[in-house]
Amino acid sequence: MNAGILKRLLEEVREGRVGTEEALDRLKTLPFEELEFATVDTHRSLRQGFPEVIFGEGKTVAQIKAIIKSLLKHGENVLVTRADGKKGRELKKAFPRGEYRGAARTFFVKSHEVQKAGRGTVLVICAGTSDVPVAEEAAITAECMGNHVVRLYDVGVAGIHRLLHKKHELMTANVLIAVAGMEGALPSVVAGLVARPVIAVPTSIGYGANLGGVTTLLAMLNSCAAGISVVNIDNGFGAAYVASLINRK
Amino acid sequence: MNAGILKRLLEEVREGRVGTEEALDRLKTLPFEELEFATVDTHRSLRQGFPEVIFGEGKTVAQIKAIIKSLLKHGENVLVTRADGKKGRELKKAFPRGEYRGAARTFFVKSHEVQKAGRGTVLVICAGTSDVPVAEEAAITAECMGNHVVRLYDVGVAGIHRLLHKKHELMTANVLIAVAGMEGALPSVVAGLVARPVIAVPTSIGYGANLGGVTTLLAMLNSCAAGISVVNIDNGFGAAYVASLINRK
Amino acid sequence: MNAGILKRLLEEVREGRVGTEEALDRLKTLPFEELEFATVDTHRSLRQGFPEVIFGEGKTVAQIKAIIKSLLKHGENVLVTRADGKKGRELKKAFPRGEYRGAARTFFVKSHEVQKAGRGTVLVICAGTSDVPVAEEAAITAECMGNHVVRLYDVGVAGIHRLLHKKHELMTANVLIAVAGMEGALPSVVAGLVARPVIAVPTSIGYGANLGGVTTLLAMLNSCAAGISVVNIDNGFGAAYVASLINRK
Amino acid sequence: MNAGILKRLLEEVREGRVGTEEALDRLKTLPFEELEFATVDTHRSLRQGFPEVIFGEGKTVAQIKAIIKSLLKHGENVLVTRADGKKGRELKKAFPRGEYRGAARTFFVKSHEVQKAGRGTVLVICAGTSDVPVAEEAAITAECMGNHVVRLYDVGVAGIHRLLHKKHELMTANVLIAVAGMEGALPSVVAGLVARPVIAVPTSIGYGANLGGVTTLLAMLNSCAAGISVVNIDNGFGAAYVASLINRK
Amino acid sequence: MNAGILKRLLEEVREGRVGTEEALDRLKTLPFEELEFATVDTHRSLRQGFPEVIFGEGKTVAQIKAIIKSLLKHGENVLVTRADGKKGRELKKAFPRGEYRGAARTFFVKSHEVQKAGRGTVLVICAGTSDVPVAEEAAITAECMGNHVVRLYDVGVAGIHRLLHKKHELMTANVLIAVAGMEGALPSVVAGLVARPVIAVPTSIGYGANLGGVTTLLAMLNSCAAGISVVNIDNGFGAAYVASLINRK
Amino acid sequence: MNAGILKRLLEEVREGRVGTEEALDRLKTLPFEELEFATVDTHRSLRQGFPEVIFGEGKTVAQIKAIIKSLLKHGENVLVTRADGKKGRELKKAFPRGEYRGAARTFFVKSHEVQKAGRGTVLVICAGTSDVPVAEEAAITAECMGNHVVRLYDVGVAGIHRLLHKKHELMTANVLIAVAGMEGALPSVVAGLVARPVIAVPTSIGYGANLGGVTTLLAMLNSCAAGISVVNIDNGFGAAYVASLINRK
Amino acid sequence: MNAGILKRLLEEVREGRVGTEEALDRLKTLPFEELEFATVDTHRSLRQGFPEVIFGEGKTVAQIKAIIKSLLKHGENVLVTRADGKKGRELKKAFPRGEYRGAARTFFVKSHEVQKAGRGTVLVICAGTSDVPVAEEAAITAECMGNHVVRLYDVGVAGIHRLLHKKHELMTANVLIAVAGMEGALPSVVAGLVARPVIAVPTSIGYGANLGGVTTLLAMLNSCAAGISVVNIDNGFGAAYVASLINRK
Amino acid sequence: MNAGILKRLLEEVREGRVGTEEALDRLKTLPFEELEFATVDTHRSLRQGFPEVIFGEGKTVAQIKAIIKSLLKHGENVLVTRADGKKGRELKKAFPRGEYRGAARTFFVKSHEVQKAGRGTVLVICAGTSDVPVAEEAAITAECMGNHVVRLYDVGVAGIHRLLHKKHELMTANVLIAVAGMEGALPSVVAGLVARPVIAVPTSIGYGANLGGVTTLLAMLNSCAAGISVVNIDNGFGAAYVASLINRK
């Protein structure tokens, strides 16, 4: 749209109806939005294929519904994260073709099929059963973003053989998401075994000196293994988003 | 080397000099290292092309020299990080063909040429001039690991136009490393402009409420922009390592 | 009132009914309140035109009602902050001409019209929709204190173009209040664009490493941009009060 | 400078040497810097009269000298902060007409006289003698920025009468900067006495539970008095900058 | 009781039925309790006159009732602290002659009159109305322990004249308890005015950077005024206990 | 089982049906699980005699029931920890021969008698009545793991004689578990009296500066007495597990 | 001095040279200092007999000397705290009749004899030899303030019998100062043995999880024993000051 | 010595020179030390065979020498910990038969041979070469206390195969000490492999978010593996002491 404004101005200059000084002044005072459209468009197009994502926590069902409706109109796929059971049921009622996943607390409504587009597998590993909700948030998000996802759950470092048994899955993944609470040692061990980027997700699982996941977070940031980067506590979505960007062709 | 041991055992079995029961026992009691070579080898080969890296802080020059010598013998490229000026000068004297970079506090000795191997550009962005040492540690490391690196320095968010001017560099990078101290806002702004993974590196630049970089670190983990993952404070090396894994073909 | 006491004493001295020594003694032992009236009066008169403000959190509706009644008797305008929906409804019932704003959690009862008195515009900017309640507390408070207020919401730094589009509002404001949660980068970017004081309000919006807004607060205090000062987490009222003092003619 | 580029382009359009479509393309692909000059210029002009400021800590004397020289060439006044005694002496030797203030750790070189331009007095108050360096950094900075500055030192709250004695200075200031370490109570008492904005500066003076000034900072953010905003620990410069913006006509 | 055991042993020695060596052995192996009775008795007698105190939080009404009954049997006065409204009503029903104070959350049952025994007045000062429950816990506790208590409430430092008006009460107190939340500046100002010990009680009143009273606590510990010692957050009882010990003749 | 796979391979080699090179390849690609069986089995057998333990917090009754059933089928004893009253009652209904202990929040179902197997007594000491739930979790766990357990409750350091009276119990214990909240001084005093290992368990009992048990935890880690090691806040189970390992013959 | 001003004014009123209205105006505008002298004087006189105290840390020897000289002129006793060995030697040279105590880092110059004036003994107890400097600072300060001081050193809780041996000293003290680092348990044990106020002084002795004394401080604030109040880390002076106020007749 | 006093008293009783009542009184008023010798003796004898240990940090060489001399006189073995190179050399000069270990910063002087007395092996494992000093402090201490010690160094979890190779050492140890910095994952992995108690020692090795070892400490306390207890940061001595108590027959 902005191109139109600029073009008209340039035509007026060419036709001599607007002097160069005046044109210069008008260019200077054009709102920023008129000049920077390129950024916006490019940006959006690069993200093409990713669904729009709604952070469901702290929003009412009514608010979420309104946003979903608006996005569906534009033909977007829509992913809601952090939607508890009650919200999930109400969203399902409102958008029956949507899919609610209780374990992941996600609700996904498609306008079009998700195209599998990644370079390889996104492997989601988690340490304990209590970490599964965060791991599932990551796994579902990654799937909705077009990745082939493999899950490897309940392979905590206290029973290291369970993890080592899964050599094939570890070795063939293109990106790994390692979800763990408590001491958060899983990403260190995993990154020592593979040669691909590991995204560490600390969870708030733990008590006492766990400090709501802060201990886990800090421990992961101090990993003795190279190849790890970290996202916020319980941020399965964020890890999947990074993994999807990495995994894009 | 372990393959040799196993092969000899198998040949003895084939030749009947060792019974299957005895071979089984010997296999069971072989130290783990004999059995797991696959992991080790695979692992190493996948990493092929990366130099060996020595964390120079807290090691004496004598210790560093010894490790370098041993690695050069095996034909490895060797990168020393966190080598202050004094260490740098001594290392340069000992290994004259090595290259010391004062700004980055790195020393690099090549056994063979580094092969440029990445899918695209690794863009290292930093906010202030005080953040340059960490940015340079990242940039040099990424170069030593075979990436094409572009630097974009002194583009802090308080003068947002300086960053926005660099649209081309931002848009064409395959992986971005955003280095910042103080409030650590740079990665948020950058990740809002691009569609590739951003690795955020908090630095310990700041004072008072900066808490030695902890504030910066926590702020980055709370970024409102998707597509960001974070490494430890001042960990330029770690960011470059992750970036290199992402950028590998 | 205290002036009367002093005057009577001085008259007694003049008339010779009280000796100077005795008068001196009585002056010395007068309670502080008799001597310091000037402070109190001057102080109040300087603040003239600002409403009285009641912090509604932790007070019962009955308590709030009683304070409002008492203040209305003295002809004051009264602003209640942190009044949740239930409290708001009950206050509205008790004072029907009062105005309850749910988004801001404020209740305002006027004894007299608010006089617009500021030197210019107070611009309230906020990063995300979750920050709106705090931003609205600031905006409503500033309005009740006689300022012309402009709102600029949902202009987080992850979509920097949305903020840059609003050049006019940014450039013409006399004081700016920048409200943000998570990494709290908004004030840094804003202060880099304008040449007026920016009051930063961290919100408790975020999770995990956000630490209930402490991360946001510390990040804002470490801003790389000059011209920023900070108030307590979620303290929209406090920011508006400072802004009003700055904006007074 | 950028205006020239644009003007040339517009003239070429007017003269028919460049078509509108081509001009449009060139406008779109111009680096951001070409388009946003307005911001930059406006911004700078609004700040007119303020000196350029160099944060001296962590920079070598050579680096500082180079920056000063470059700025003096452009006719700027230059203020160096956080310059310890040794740096101060070397800077004085290099720029003999500059003025070094040991207590404030500032060095100021004028290209032109500072014009007194504020609406009123900036009052710098500090609690203890150990807080003087930070207070002086604030006072000198405010003076260099064209304000009339009054100092009120050693008026801690443990001897409240010393503060109360200075009623006149308190009542006539347009902006107040309250500098304190330890429990940081000074701004609360001051803000309760005046009706103008108070900028609180916590210092790192204290020990043990003071936590390097963090306790002071947090206490100030929790002030029971309205009208206070806070800057980072020991940030005398930042407070003066905000005060100067407030005090501008 | 233990005296009996010892006496019997000594008599056996005197009567020659037990040799000195054997007696020595038996003395050595006597359990500790037999030897240390003196401590226990002395200790108790020194505390004579203080009521027994039950910390009501986290105990059921049934548990509290049982302890009260047992203590009343021994003729003790009993003070229950941290008893919310519901507990208070049930205790009142069970012990009708007891007195429940809602503001202080205390329940007091007397077996005998409390003897006024202190050297002077215990002055309980508090900053804001939200601090009253903690102040009242202190005041009631001090009264139950035989002190003459004077209350001075709502004299926060932001309105310093209110505090200064109360010169007489401040100057005549023997011990002062200063209760405050938020920035906790009250004890500093008070200790600067008086020449008696001030016990500072931080409250958890505040939000955001108050960190549940930790900021207030740390600020109080950093007071620039001498003569202050501090107790735990909200610990009105503890302050009153210390004050009572100080005030004993 | 894995031994079978290896044996077959070796037989094939011996019989010449598989060449050594091929056998080598197959050995390299055998999943980890085939090679590491020994670890797993040995590990389990060493733990023999300990019950399986289910952490009940955050699991539904249905989940707990399912796990119990599965474990009972394998002839295991099963201990559930952190089962509140409601869960306890439901578990008791489902497994009537199980034993629920309200104070300890444990539920224990036996498949076979627990064999008393320790070298000596495990002494569980706790400071206050509020610490009893954690102490009981430790005591019951230790009993279920075959230890002879002695309890010593309500022996806080503020009444040191109560602890000193119990010389016999202290001196004869083989391992001691010291449970305390608040300042956590108990383990220091205990370790100064005995010559056996003391496991310190901080509890979350306390308020204000206790920080949910973190203060207690840190204090215990700083004990001036040798012979103490520490587990997580409220981790009675963990302490008992360590004590059981120590106490095993 | 101020009395003179007032008296003159009153005499002028009496003599009719100044009217009452004018006198009233002049009274109102007299600086605060003229009116509040009573406070100041009373205050000082109440403190009579205490030396003036100079906090030596962060002051140069020249600064300290100047303050001492000025105070000696007014006939005050002067106590310097936190004076390291070098400062001590220089002060001794400058004021040869002064006394430097290396262990306590104090320097004391008398203008007149210190009068023993307390109600009883101040007992200074410390846990370890590393805590002695802080304990000595407290002991010397208390002595300089006119108290009879008894020292009880190296009686940590890990060897509880050493403390219990000193029953007499414990039982006869009027105020107790308990100095300890590490887990800080000493005040709890002491307060459980005596019936007088205990002032707890945490020291920064410890490492790792001690956090520079913060752990010790927090632990002391959480003491399970009543009768304890706490001062800042290493604040031996502050404890002695409070103790002296308590111990005054 | 105390036995003498008691014996004389008993003899006087036997001989009729002292009545039982008087003897009783004298027993009651005997200082504690006279009565409690039993504890002390028993205590000491239980610890028999352990050397006396001097914490060298913060003590001068002169002080250490004096303590060593005194202990050698009593025939004790003496271990000095935290003795840096300079101290070590001076101690070696003073006590030539003592042994200084630079890596461990220990100095050991024997009065008599150390008797190997443990039930089994104490295995000291450490993650990185930087952790060796702490590991060596543990190893040397354990050896000086009579244990058979095995070292397993540089087996961090990022190269898990190095640890797994050492199955024999892991499986045969009676007590394990796991020393690690950074994320501190080693004890979790180790405790998952063995069935004996693991004492975790966090080190201060790391930077940034490591917070001087606090992150490592907290992570270890949150281990997902049972069988772990933790000591203070860098407390190799403390771990060895606990291990020695566990390993005693």
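Which chain is which? They are A, B, C, D, E, F, G and H, in the order written, and residues in each are numbered from 1.
We take it that a residue touches a chain if its C-beta (ideal position, glycine included) is under 8 Å from a C-beta of that chain, and two chains touch if they have at least 3 such contacts.
Just so we're clear, the structure is a prediction, and the values are computed from it rather than from any experiment.
Chains that touch both chain A and chain D are the following: B, C. In terms of the stated touch criterion, the partners common to chain B and chain E are C, D, F, H, listed by label. Chain G maps onto chain H through a rotation of 90 degrees [Cα fit, steps of 5, range 0 to 180]. Of all the chains, the one whose CA centre sits at the greatest distance from that of chain E is B. Set side by side, the interfaces B-C and B-H show unequal numbers of C-beta pairs in contact, with more at B-C.
When you average the Cα atoms of each chain and compare centres, the chain farthest from chain D turns out to be F.
Chain A and chain E have Cα centroids lying 55 Å from one another.
Between chain E and chain H, the centres computed from C-alpha atoms are 40 Å apart.
Note: centroid distance chain A to chain B, computed from Cα atoms, is 25 Å. Contact with two or more other chains is made by residues 32, 36, 38-39, 164, 167, 193, 208-211, 217, 221-222, 226, 232 of chain E.
Checking each pair of chains for touch leaves A-B, A-C, A-D, A-F, A-H, B-C, B-D, B-F, B-H, C-D, C-E, C-G, D-E, D-G, E-F, E-G, E-H, F-G, F-H, G-H.
Against chain H, the residues of chain E that register as touching in their complex are 3, 6-7, 10-11, 13-14, 16, 19-21, 23-24, 27-29, 32, 35-38. Touching chain H in their complex are the following residues of chain G: 130, 161, 164-168, 205, 207-211. Remark: chain H residues 31-33, 36, 39-40, 57-58, 202, 204, 212-214, 217, 232-235 touch chain G in the complex. Remark: chain H residues 127-128, 156-160, 164, 182-185, 188-189, 191-193, 206, 208-211, 215-216, 218-226 touch chain A in the complex. Touching chain G in their complex are the following residues of chain E: 36, 38-39, 42-43, 46-47, 53, 167, 171, 193-197, 199, 217, 221-222, 226-232, 237-239, 241-242, 245-246.
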